[in-house]
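The structure under discussion is supplied below as structure tokens; questions concerning it will follow.
As written, the chain order gives the labels A, B and C, with residue 1 at the start of each chain.
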Amino acid sequence: MSNSALLLLQDVLEKPELIDWEWIRENFWEDIVPAFQGHIFLSFVSVAIALVIALPVGVISARYRKVYPPVTFVTGILYSIPSLALFAILISIPGVAIGPSPVIIALVAYSLLILIRNTVAGLDSVPPETIDAARGMGLTNRQILFRVELPLALPIIVAGIRIATVTIIGIATIGAYISGGGLGALIFDGINRQFPTMIIAGAVLATALAITADLLLLGLERYLRPWARVRRT
Amino acid sequence: MLSNILEVFARPDFPEKLREHVVLSLVALLVAVAIAMPVALMIRNTRLGAAIAINIGNVGRAVPSLAILALALPLLGIGFASALVALTALAIPPILINASTGLREVNKDVIDAARGMGLSGGQILARIQLPIAAPVIFAGIRTSAVQTVASATLATFIGGGGLGDLIVEGYSERGPEILLAGAIAVAILAIITEVGFGALERAFTPKGLKIAQKRGR
Amino acid sequence: MKNRTKLIRAVPALLTGLSLLLVVACGNVGGTDSSSGGSSGPTITVGSKDFTEQFILGSMYAQALDANGFNGVAKLDLGSAPIADKALQNGQIDLYPEYTGTSLVEILPYKGNPADLNSPRATYEAAKKLYAKRSPADKMLTPAPFNNTYGIFVRSSVAEKDDLTNMDELAQDSKNLTFISFSQFQNRSDGYPNMQKNYPALDFEEIKIVNNLGLRYSGLQSGEGDVGVGFTTDGQLTSDQLVVMEDPKSIWPFYHPAPVVRSDVLKKYPKVEKVLNEVTASLGLDTMRELNGKVDLDQEDPEDVAKEYLEEKGIID
């Protein structure tokens, strides 16, 4: 087992043509940086839009429980459609432009399930006694939501944001297939041109971006919940 | 259009694509379990080991699927085998995280009591730690399985076969039937995986835990 | 608690603000797609499909337009033919390079089998007629004088050993060979079924599906297969590692490159047709293969390759 691992390592190291550093130097500002910017743009906008939709829907679902199952059902269905297919379906809708737009729509659709689920779970985790106490203190429902419930639900909500963000960064790489831009463009171009340098550049940067986002949000999660160990599923 | 989609399922190459997809997913999952479980077992009693495993798992979980599949290309070449290696790597993190966490979080008091009763380390593992951790472990396997079925769709980009081939083919077609056929097939496969492993999870949850879960403890 | 409440209030405001900022400020999402000529004059947007020859042709058209009184913008790598066509019809692009045969197979509602059209002219006329009937109407301009059709290529070592020069000989030998193909080719009437119909001895030992053109070539090089299918202008075919099989029965449809432009654009700017035709007429099979090779084998940029070519031909200076 370790013998073949050594052979593989040897093979990899003996392939200097895997990374063409000159290409990287020459095309850094022209190809690599725009791809990176584009990826951040896609991811950020998608997470933002998803939150704008998911938070209110989550709050409503937590309150009016009957709404929750159909909401989970729809967002669950969206989640199980393979991304490549969802992109194609979105493009075929008249009025949807080719480019980042269908990618953003799809990314938003994919992250709704986890964000809504975690919003509801977060709100559910607020002890009823705390809410009663707040009501006893004379706070209105609205004030309770914003000053008590949401703050206490925040750690779980942020956990959901973390998962959604990482998922979005990952699926955004596939968006390049429909001309959506981002680091996936480097990957696909590299595959098409049989040019490993581009593949590696795109793949490594996408991975680094995802891991960085994950760690930053994990830090935020821990900051918001210093008293409890963070449980992962 | 429905009949056109069904026609795609009747195509002679469809069963093969389906088989490729299932084999890719299943083998990747099994190998991932074979790698992750022993690691989780080894570190179950050490705090540092568990922390390392869980952190590696978390980082691994964030890695984009396409990135790993694409990296397999210059390193391992095109084809089924490369895709398999990449998918296996992607399948490990959820299992590692859940198995490690699950085994670590078995209540210390319970383990102490068992030790007090004279049970050996192996017996404690088999009779106490594993059964209690089972639901969490299976939840991790379930997550990994569903994720792997979805990621296997991307194997098409490195010549690995699978239902992704159909979806990519559909991109060059006038009508959506081939694309939808591929998409529906993957979605159904994902749902079957989710439901199937969910049932497995319930089957392996010890009765006592099921009752406790019902009571909401 | 207080800090957290502030955080709650700040978050939506921050998110909305930042996303608005990004939406407004960032048009560029990277990738080898957009480039603007920077000239003055009416903007003509040239699209392209998702492979090397398309990038080169698209760049050529955009740069030629740019040098002739227009602001030529290139939006390359949109995707497959249906996707590029959608961009054309909804106005995102004004034209893109298509192929006569491809349009009949993948875009236009052509009733017959394009492989049955027995001349490049007939293929072009059929496509042109159908394009004109669309809404919005399109015009397929004069095609280039070469055919970028399917090429069945064999690894040189295998071709030498088994003495294979044409499809007939290949079919006889196919029992011992592995064929690397792609899904569309296997399932389309003008693809593999067409091959089998015309060369019935065809019976490959194994057929592997690799949907990416570049990877099919890689696969052949690494020995994953002995025979592959690509296109006759592929740059990789300049290599002596591969031999293209001759097709004595001429079984494939004709795929001559021809730009497809929306008719309303031509009506507004009739000069566009002349500029594009000049570029198209200058091309040839060997030239195209060479240009493709510069991108795929030498890793040059399609835009640079296009520019060099146009300068060489005197179309731009």
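In this section, a contact is a pair of C-beta atoms (placed from the backbone, for glycine too) under 8 Å apart; a residue touches a chain by one contact, two chains touch by 3 or more.
Since we're looking at a predicted model, the values are computed, not measured.
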item: Chain whose Cα centroid lies at the greatest distance from that of chain B; value: C
item: Centre-most chain, if every chain is reduced to its averaged C-alpha atoms; value: A
item: Of B-C and A-B, whichever chain pair has more C-beta contact pairs; value: A-B
item: Chain A and chain C, separation of their C-alpha mean positions in angstrom; value: 33
item: Chain B and chain C: spacing of chain centres that average the CA atoms, whole Å; value: 38
item: Distance from the mean Cα position of chain B to that of chain A, given in whole angstrom; value: 19
item: Overlap residues in chain A, where contacts from two or more other chains coincide; value: 92, 191
item: Residues of chain C engaged with two or more neighbouring chains; value: 79, 83, 212, 215, 218
item: Chain B residues counted as touching two or more neighbouring chains; value: 73, 157-158, 168, 171
item: For the chain B and chain A complex, residues of the former touching the latter; value: 54, 58-59, 61-68, 70-71, 73-75, 97-98, 101, 139-140, 143, 150, 153-154, 157-158, 163-164, 167-168, 170-171, 176, 179-180, 182-183, 186-187, 190-191
item: Chain C to chain B touching residues, read off their complex; value: 79-83, 106-107, 182-184, 186-187, 208-212, 215-216, 218-219, 222, 224
item: Contact footprint of chain A on chain C as seen in their complex; value: 1, 4-5, 7-9, 12, 15-16, 18-19, 22-23, 26, 28-33, 50-52, 77-79, 83, 86-87, 90, 92, 212-215, 217-218, 295-296, 299
item: Of chain B, residues touching chain C in the complex; value: 11, 13, 73, 77-79, 156-159, 161, 165-166, 168-169, 171-174, 178
item: List of chain A residues in touch with chain C within their complex; value: 20, 23, 31, 33-39, 41-42, 44-45, 48-49, 51-52, 55, 91-92, 94-95, 97-100, 146-147, 150-151, 154, 176-183, 185-186, 189, 191-195, 224
